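Next come two complexes, and both contain chain A; in the first it sits with chain B, in the second with chain C.
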Partner chain A sequence: MTHKPIPKMLRYAVWMVVIALALAFLFFRADWDFDYVIPKRLVRLAAMLIGGVCVAWPSIVFQTLTGNRILTPAVMGYEAVYLLLQSLLILFMGTQSLVALGANGNFALSVVLMLGYSWAIHRWLFRDGRNNVYFLLLIGLVLTMVIGTFTQFVQFKVSPGEFSVLLGFSQASFGKAEPGQLLASAVLVAAVCAVGIKTLPTLDVLSLGRDQALSLGVDYQRAVRLHLALIAVLVAVSTSLLGPTAFMGIFVANTAYALARSIRHRVTLPTGCAIAIGIFILAQLVVEHVFNYRTTVGILVNLVCGAWFLALMVRTRGNA
Partner chain B sequence: MISVSNLTKTYGNKTVVSGVSAQFPARQLTSLIGPNGAGKSTLLMMIARLLAPSSGDILLDGHSVTGIPIADYARRVATLRQSPDFNLRLTVEELVAFGRFPYSRGALTPEDRRVIDEAIAFLSLEPLRGAYLDEISGGQRQMAFLAMTIAQQTDCLLLDEPLNNLDIKHAVQIMRALRRLCDEQGRTVVLVVHDINFAASYSDHIVAMKGGAVHCAGPVSEVVTEAQLNALYGLDFEITRSPRGLLCNYFNLSGEPT
Partner chain C sequence: MRAALFGLFIVLCGASLLVGAQQVVWSQVFTLSGDAWLTITASRLPRLMALVLTGVGLSVCGVILQHIVRNKFVEPATAGGLDAAKLGILVALTLLPASGPGVRMLFALAFCFAASLVFVAIVQRIRVKNTVLVPVIGLMYGGVLSAVAEFYAYQHNILQSMQGWLLGDFSKVVQGNYEIIYLILPIVVLTYLYAQRFTVLGMGEGIATSLGLNYRATVALGLMLVAVTVAATVITVGAIPFVGLVIPNLVALHYGDNLGRTLPVVALGGASLLLACDILGRLLIYPFEVPIGLTAGGVGGVLFLLLILWRGR
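Here is the complex of A and B:
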């Protein structure tokens, strides 16, 4: 088709920028220190690669399933559940919970809890054969609010020292990722990708909506359930690895659509992942070298993505 | 050939379709007509398996459809719903290509490409091939969706109000295309249509519904009569027979029976 070459170049350009950023991140002011600085940076880079996939994939697929371009899985309450778990751990076990569980224990617990959470809501919602995605969203929104308020209540009960630990959980950062945790995340993400990549054409059909998908022979309910489960795994990995990055998904997804000029998931998903990884690396570079760790990636990303998204909304006048 | 027997759909204690038994003859164009709320679309959606019936049976060539996997069903029955409000950035060709999904699950073969070309040519959509769906008119978009349904190469096509919001020219084009699908390709077409004159001019068979039940069904000459239509719609019909076919006139300024 005639209008394909330019987006294709754009997509390659995105990957070039990401590779350039990654190299800059690895070697900038590193003094070729292959013993300490660069291996440490490689760990953070790996966290960013995994994080990028875990932010971009769920957002884009979730928007396909809901046929809406402003929603992300955060609306379903995943990140709220994560924060609630951290708050409860601190409340009942104090900062000792961190020692008792260890970072890996905490991570495993978060993943299991979030999978359980998504299993519970889907099971409950699909119980009577009702599969209205908007109803699902409304429930997710209400749950987010309820859990969020409860978390705040818990946070008022803890001591200021413990509260500052909690604050660390509630902001995205690559500093807290550990190699063991990274390996577990990488395995989970690879497994999700292996399952997901086979169903990319089905995802394209799902974007036509329930009726058209069914009429084209896609078992809609099963496909939606599968993809919601995959989303649950990825969101669980990303929130426990990096902390909440709610706002970024919207930005990443919409930028990916704009760059890809296509609804094919074969195109939008890799582009979205590239954009997310690029943003993470850029933010981390700025945090490390400009702000000297006086701010976090989470704050920076939400600030920039938020501003961009606001501009997008104003410019498209509600058509987003 | 599709037939339904004793088909019922209830929501809570509201019955939308009650005990409908009807036949949709093979290689013919059948129109479902009737007032709003008669259950036409619900019946069609149950045949399309987009809605599960509360009770009753749907038979495709004599076999109950519940035993057919949904992926196989998509190669036998294609459904087009009222054109959804669509905000996807897709070209006409990309949309039509979706019609091949039941066969190739996304990886198009040369055979798929041939069928896509045929479907586009069948509706004379070649000039719009590369046009984006959100940049063409509603009538053109409906034609593009119909092309996708045609590319699905099913024996049966189910269409829910395909003429909705179309100007008369596009409506005639769609009906002619459906007629040709029956006559040239031997497909079975079932559609819900509100304009009684379109139904009378282009159908072979009509199923008229009222209040969730079949009011009357049969060949056009049996259903399109003043007595049947008066009772169906509660309007005063005058039917004229001309060399061009039947013309139903239900316009009547005073609203009183003449």
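Here is the complex of A and C:
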């Protein structure tokens, strides 16, 4: 299948827009201050680049594995685990947990815990050879509800000062990323991408569905496990680096399909990453310069992408 | 079976009256005055009534929603109803800060009803491949509603107190501030009267219409009943997850889906589960108590997980 020239130009246009947004983000009202403002913005920009990949990749791959376009890995309970960890830290150690652990310690702890969670849930569920992604989804759903209740309780218990610290963790934002964490995340993401890029053709076959993939000679069980593991790493990185971004994945993935006009992952994945990065930059620009920090990137992204999701659900009469 | 359930219910009611931080001297109670009598009438009895009514209301709500949506995994918490009620209270608080609980309940009711209508419309439009997706869509839908609420609350700096409203807690239930919960009583009676119609509703729009049911009107009625119950419980005690999910599923496993017959069992089961969770919450860190939202979330969540795993085999 040859690509028509127009979609190709569209994809380049997406990248051009992202680059333009990045430049605008770096230099808008910066007064060419290369000592403070611009280096700080560069750090945030790096966080957005990593975050964009970490949001787009898992969503698109997860949708391929489930054969469903309205799901994101967020419903599997990762974000709930992250929020519970942050709430418990604040409840038991107070704001001192910030000092005791340091930002890097907290980041490492979050990543390890989420990887452990996904390892446990996969291991436990795939124990007897059952491999039903929907089953996994249901378990994740119930766990999300249970953990959510516990988190709510903790958030209600802590003092307002501690709550505002907690709020910083429970809302996606780019202000809390430190260069050290960024480096660690970049290494993790690069490793995942290196493994993932090799298996892109397999992913294309997986999108045909389980039976087709099996008859085409793909070790379905193994491939699904590998990709779920990669997803777990990326979701862990994105959640601990940025905070929860529940809806964004659905929006990013669906826009990527629409713009790429192709279902080959070689095409959709980079486009998705570009869209995610673009959204992050745009949201950050709006938060900084329009809302003047009266709202957060997380709330804004959830609001816009959520509204879009609702519109999608109401308008489409198609399959889900 | 039913007799055993009824017996359990009575025992739990008795236990609920006996447990509490304030020691009750029972010899005083029969004089119908004094401290013990006050404790019983002002705190214990209202709490018992609120618990029973909430349990009955939530489980009946779950059954109605499950018949309307035709999906066993749906309850107000997984259909956006709770988040809509939260948003309604928030709007009432910011628009009319001086309003009483009645006005706030009306807002919660209106938002919850509208949100449920939208949810049902969404679910009926999509051809869903897997039943698990319906609650997932519901949760995401709830997430959208709470994103709106958060956007609003973050600017007014009331996010933390918003978390508080939604956590089910019966410790504030005393004489004088829980009476709204009695709204559930007529709801349950109405549900019982319309039980046959809801059963037919569960067979789908085609069959229901050809059996002579006014499909749209019945759906609207069902959603209205759900909205009133959810609004009344959220205002008085807060959100309690899983009751509307676990009980109807357990009952349906044993007795099937004929609502006329199963409704009493569902109601008793819901009340018993809630009573048990409440007693547990009051004993865990006696003389303090764990909010029932937490115990119900834990117990209900574990029960539901077991149910899924057991059925999955």
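Criterion: the second predicted complex is superposed on the first by the 314 of 320 C-alpha atoms of A that agree within 3 Å, B and C clash if a C-alpha of one lies under 4 Å from a C-alpha of the other, contacts with A are read in each partner's own complex, and residues count from 1 in each chain.
Basically, contacts are C-beta pairs under 8 Å (C-beta built on N, C-alpha and C of every residue); 3 or more make two chains touch, one makes a residue touch a chain.
All values derive from a computational prediction rather than experimental measurement.
Look at A:N104: by the touch rule set out above, it reaches neither chain B nor chain C. When the two complexes are overlaid on their common chain A, residue A:Q152 makes contact with chain C while staying clear of chain B. Once chain A of one complex is fitted onto chain A of the other, the partner contacts of A:Q96 are absent, as it touches neither chain B nor chain C.
When the shared chain is aligned, chain B comes close enough to touch A:D204, but chain C does not.
When both complexes are overlaid on chain A, the residue A:T296 reaches chain C alone and has no touch with chain B. Legend: residue contacts after superposition of the two complexes on their common chain; A:A307 is shown touching chain C, with no touch to chain B.
Chain A has more of its residues touched by C than by the other of chain B and chain C. With both structures placed on the common chain, the touch criterion links A:S262 to chain B but leaves chain C unconnected.
The contact surfaces that chain B and chain C form on chain A in the two complexes overlap at residues 319. Listed in rising order, the residues of chain B touching chain A in the complex are 48-50, 52, 70-75, 78-81, 84, 87-91, 93, 98-99, 101-102, 105-107, 130, 152. Of all the residues in chain C, the ones that touch chain A in their complex are 73, 77-78, 118, 121-122, 125-130, 132-133, 135-137, 139-141, 143-144, 147-148, 150-151, 154-155, 159-160, 163-164, 166-167, 241-242, 291, 293-294, 297-298, 301-302, 304-305, 308, 312. Against chain C, the residues of chain A that register as touching in their complex are 67-68, 70-71, 75, 130, 134-135, 137-139, 141-146, 149-150, 152-153, 155-156, 160, 163, 167, 171, 246-247, 250, 294-296, 299-300, 302-303, 306-307, 309-310, 313-314, 316-320. Contact residues on chain A toward chain B in their complex (touch as defined above): 1-3, 129, 200-202, 204-205, 207-212, 214-219, 257, 261-263, 319.
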